[in-house]
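First up is the structure itself, then whatever we jot down about it.
Each chain carries a letter (A, B, C, D, E, F and G) given by its place in the written order, and its residues are counted from 1.
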Amino acid sequence: MLSLFVSVVRRDLLLAWRRRSDVLTALGFFLLVTSLFPLGVGPEPEQLSHIAAGVMWVAALLATLLSVSRLFESDEADGTLEQMLLSVEPLPVIVLGKVCAYWLLTGLPLVVIAPLIGLQFNLSADETLIVCATLLVGTPSLSLLGAVGASLTLGLRGGGALIALLVLPLYVPVLIFGAGALDAWRAGLGIQSHLALLSAVLLVALAVCPLASATALRIAQD
Amino acid sequence: MLSLFVSVVRRDLLLAWRRRSDVLTALGFFLLVTSLFPLGVGPEPEQLSHIAAGVMWVAALLATLLSVSRLFESDEADGTLEQMLLSVEPLPVIVLGKVCAYWLLTGLPLVVIAPLIGLQFNLSADETLIVCATLLVGTPSLSLLGAVGASLTLGLRGGGALIALLVLPLYVPVLIFGAGALDAWRAGLGIQSHLALLSAVLLVALAVCPLASATALRIAQD
Amino acid sequence: MSDSPLTATRAPSSGFSLFYYASPQTFFPLAGKLLWPTWIIAIALTIAGLYTGFFIAPTDATQGDSYRIIFIHVPAAWMSMVVYLVMAFWCAVGLIFNTRLSFMMSSALAPTGAMWAFIALWTGALWGKPTWGTYWVWDARLTSELILFFLYCGYMALQAAIDDPRRADRAGALIAIVGAINVPIIYFSVKWWNTLHQGASVSLTQSPSMASTMLTGMLLMALAAWAYTIGVALVRVRAIMIERERNTDWVRQLGNAAQAGDSKA
Amino acid sequence: MPEPSAPLLETRALTCVRGRARLFAGLDLTVGEGELLHVAGANGSGKTSLLRILCGLSEPESGEVRWRGQPARSVRDDWRGGMLYLGHRNGVKDDFTPLENLHASAAIAGERIADTVLLEALVDIGLAARLDVPARSLSQGQRRRVALARLLADTRSALWILDEPFTALDVRAVAVLAAAMAAHLRRGGALIYTTHQPVDIEAERRQTLNLDDYAC
Amino acid sequence: MPEPSAPLLETRALTCVRGRARLFAGLDLTVGEGELLHVAGANGSGKTSLLRILCGLSEPESGEVRWRGQPARSVRDDWRGGMLYLGHRNGVKDDFTPLENLHASAAIAGERIADTVLLEALVDIGLAARLDVPARSLSQGQRRRVALARLLADTRSALWILDEPFTALDVRAVAVLAAAMAAHLRRGGALIYTTHQPVDIEAERRQTLNLDDYAC
Amino acid sequence: MKPRQKRFALIAVGVIALAGAATLVLTAFEDNMVFFFTPTQVAAREAPQGRTFRIGGMVEEGSLERGADGTSVKFLVTDTVNKIPVTYTGALPDLFKEGKGVVAQGKLNDGGVFAASEVLAKHDENYMPPEAAHALEQAKKAQGTVVQ
Amino acid sequence: MNWESASHFWAMGGYGFFVWGSYAVTALLVAAELVLVARRMRAARAGAARDVAIERIDADRRGRA
């Protein structure tokens, strides 16, 4: 089962590598939003550092929301999804593999690039670290929750808007804990409780989402 | 020729109507970005009104950038595009019709909803009017320029990132004039010159983009 | 209603195609011959330009020695614009006369042009800090030069993303030609928007507002940049010719020669 | 000025290159009015590529296409107006009903065809029962039929170029289509098509071009 | 517990409804080992719908599918593991080469097949010359061949369910595929397929199910 | 319309649009698009109160005063008609000189003094060795005395 | 001669960082481009040679068959 998981991850990564620049869409989007902001808002250092965590988290959330609807799209269009449903292997593991590859391609790069954006927004090293940590724990949840939305709306008219409608309510808590951590730290409170809550969300998502997503996929293909 | 234009617009609007909720993606995205901001940034009235024009313009720009890559996608996938290329009718007019429908579906709603966002960001009536006016003149240019990018990258690996690379440099001036108008007005300068420049960009885009896009489509199908 | 004999017959593949292949085939050796003279000229001009710039040209009255950035900034800025125009020209020729060599020229120039644009931006920013007091402002000259750099990147990225060389050529040509509008904007931006960047020191209508040794150094370096650009573009276009014409006779002969050379070695 | 005596479509020394491979070279063919050309060949022999060149969707590597005696590129509007191409892809919108699809295609082609004509075509091709469902819930063969209904409604085009028109069609639909093709030929139209299925189409004059013979 | 004497696949009083229309009702069929079942019927008669029910992709309106004598839903893993389905859609990734595509399909199916076996299958089906190009630049028939190469490499599945396997294939490829089908039947496998083309497949025991007879 | 006429009509429309664009750009340039105010505009109260904006002009000859702390400065910006006092704390660009162009960003305080947060130097297109500059200055002075 | 000593030269009147930063990056880019372009040329030639070799092998095989 582990080997199945690994081979699904590898397949999706290879596919992404074949369409290299597509991979960068989420990252590019993140960079874009965070760089256009200073342009549109005006470059006053304190103001920027004040809104930094919010901008970065909103950007990460949007980057996920926008790209996740394509998670199963190409597999559906070319018939691979049918084959997945018909496999003897457990579908949730396949789904988890796909989500994992997806996170490696869209979530992890954001975490890696975040320090740079921190610099641009005038954050101190500690502050940057905090934002990175929350992103590291939070973005996998975003991917997992997004996958459920994507499979529920697969092939539906108006997938894009629907997915946002379905997933956003679940995203907002993540956003609030994630962006709130920095404020809490600045206010002198610790960030442990924020991180603990984010981790709890992640664990629940890990347990529930692959299953839910797999079920939704079976229904969608009926 | 006018009847061709009208029938293309009607066709695309009807199609959009059939996938109703898809239509709202751009609008939903715009609302999302602009509403999440106060959430992430914190609700200080002056600060919000200060960044309002920037946030709205960045959101409009992103909404276009993200959805425009799908402008020709479905027509390409199902073979309608081939038929357009083979039509006796001038391709630029067909393209213009498609862009027009696209703008009606993604640009105009933003302009209409902008006053609401203005309220949320604490703008005065005059200020809201100015933002709406710049959006009204600016978003068609975004759609037109985006169409060229969409047709250049049609069916390419990494379309998403590529389109951003191609189109963004052209969007930046529009963004600067568009978001700058409010600042100019606040600084006591008139907004005529900003609007004049935005209109100039629009006129040039109207003259050049349909042609360029049509050429790019022919190249893409070769 | 029996099948009539096939009307299609195989024509000898000559005529039109001869004209078509003629250019790369004859251009390849010509470019090879031009190469060494170009390199020698480039090196000589660079040495002369740098010597003039650092050892003959005096310190500037207002800027001190920081002005010596001029000897790369201005040649790079000029080349970035000229190369783009030349690219657009070759693309237009390619579209009109359907000659592949001109597209190859255009794609051979792009990386060098992008490099010049980057150097202009980089040196300009480094020059701006001591003189203006900032590395960057969103002024029209600077913004439009940045857009030029992006246009180069877009051209190259688009070509890289398309597998079919013919489609790549044509799609790239579209960007090159439409983007050429940007070049006059860059050039006249200092006139139209009077912001931080200085106006022209050298123009066709006025005598230069620059001490003659400084001007000499700058012009020598500009000529060196020309020679370098031509040299690199020639090498690259030769490489592109081989890559693209792999299945033609003249490249096969080339391969034959290389094989022979290998077996000798 | 089109020459009346010239054949509808000719090619001169056509060469086609896809990727690195040269598919065919020096291809000359002539199709006159009322004539049927069956382009045969193995998978990957270049049938689709040839048809796309003949209708102007792609450019040949070298050689030229002539329309009624003129270089086709110089009489592009005549060429496009006189031709109807149907490729692998159906050009059918999932969200439109069959009738809406036909209307949309006609609009794009710059024609305006009466409802009755289109309805008749749809009925003839056997879609009478599925007129009010969107194309997304049609079966494979039914979708293909929607695309092919355009042929039944067409009386304007002098040349039909059809890439594997019979795929996914059942026996009855194949017969209807073959009859429509024969009628087109009788009207003086010309027809170029590919297929891997043996289908008999009535025609006065017919040619077969086997691209396997031209493989380089 | 699968009963060894039971037929591979049976259906009991299967009824299928799509949208508003009832496609067929009370369909009973039995397919044993080494048996060939050709599902015939006009476009839209419900062939694809039936095949998708037989392989478990969709649920019938009423009735049940049995696998080796058990209700198929209760022995789902056996059912899925013993079956190979190929639909209208190829399941071929545009960005993978043919070999990579086969590897990816095998991985998803939970199998691990040696390179040599897959390569042999690709060569047998006539893709030897196109091994290093991504599927996006294959011709229609070549893509279909990539999907079908899975069949040539398969020795594990007891039942093949193929929806119009012959579309877009040229004569030679059709022959190769028919031979592979015959070999599968000789091995004791069963085969259910649809097609509108008359193709001769060697089989000891064969049935034809004409869905037009079941239309409601 | 025949296809050819259609094409002609399209080209005509395109040309008209481009011409319209050109006129619009020209009218925009007549307005003050530049992002700084002249001292005259500031004196006429055209500049905003309490908001950040940019002011541009020449540094008045002899107006530069350095503060005791060594980093704060005061000077007058002039467009030869009006003068606005500017205060600034921080490093000045090297080209900042009396009699040369300057662009400063900041706010106008109640006393009519412009508190700059950033000072940029604007430089002209003349390059010459110091001796030449000196000679030029001498010449200018000499000319000045003659005129006076 | 403008410079009293080498250290004066390197200091560039206090603008060493800016001036040498410009020249160094330019030199680096030019060097990198020359290397890349040379490698591309070599790869192209090698590819052509390989094509010929493959063709010969092919011809040999066919000749034998």
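As a convention for this text, contacts are C-beta pairs under 8 Å (C-beta built on N, C-alpha and C of every residue); 3 or more make two chains touch, one makes a residue touch a chain.
All of these numbers come straight from a predicted model, not from anything done at the bench.
Enquirer: Going only through chains that touch each other, how many steps at minimum separate chain B from chain E?
Expert: 2
Enquirer: Have a look at where chain D meets chain E and say same if over half of the interface residue numbers show up on both copies, different if under half do.
Expert: Same; most numbers are used by both chain D and chain E.
Enquirer: Quick one: chain D and chain G, Cα centre-to-centre, how many Å?
Expert: Centres of chain D and chain G (C-alpha means) sit 52 Å apart.
Enquirer: If you average the CA atoms of chain C and of chain D, how far apart do the two points sit, in angstrom?
Expert: Distance between chain centres, rounded to whole Å: 45 Å.
Enquirer: How many angstrom lie between the CA centroids of chain A and chain F, rounded to a whole number?
Expert: 47
Enquirer: Could you say which residues in chain A touch two or more other chains, in rising order?
Expert: Touching at least two other chains: 18-19, 21, 39, 157.
Enquirer: What are the residues of chain E that contact at least two other chains?
Expert: 88, 95, 137
Enquirer: Which residues belonging to chain F are in contact with no fewer than two other chains?
Expert: Touching at least two other chains: 3, 29, 33.
Enquirer: Which of the residues in chain D come into contact with chain C in the complex?
Expert: Contacts found on chain D: 12-13, 15, 18-20, 22, 25-30, 59, 62-63, 202-209, 214.
Enquirer: Help me check something: in the complex, which residues belonging to chain E touch chain D?
Expert: It comes out as residues 18-19, 41-44, 47-48, 88, 126, 130, 133, 137-142, 145, 164, 167-174, 196-197.
Enquirer: How about chain B: which of its residues touch chain C in the complex?
Expert: Touching chain C: residues 148, 152-153, 156-158, 162, 165-166, 168-170, 172-173, 176, 208, 212, 215-216, 219-220, 222 of chain B.
Enquirer: In their shared complex, at which residues does chain C touch chain F?
Expert: 58-64, 66-67, 70, 130-134, 137, 192-196, 198-201, 209-211, 214
Enquirer: Residue numbers of chain B touching chain F in their complex, please.
Expert: 1, 88, 90, 92-93, 186-190, 192-194, 196-197, 199-201, 203-204, 206-208, 211
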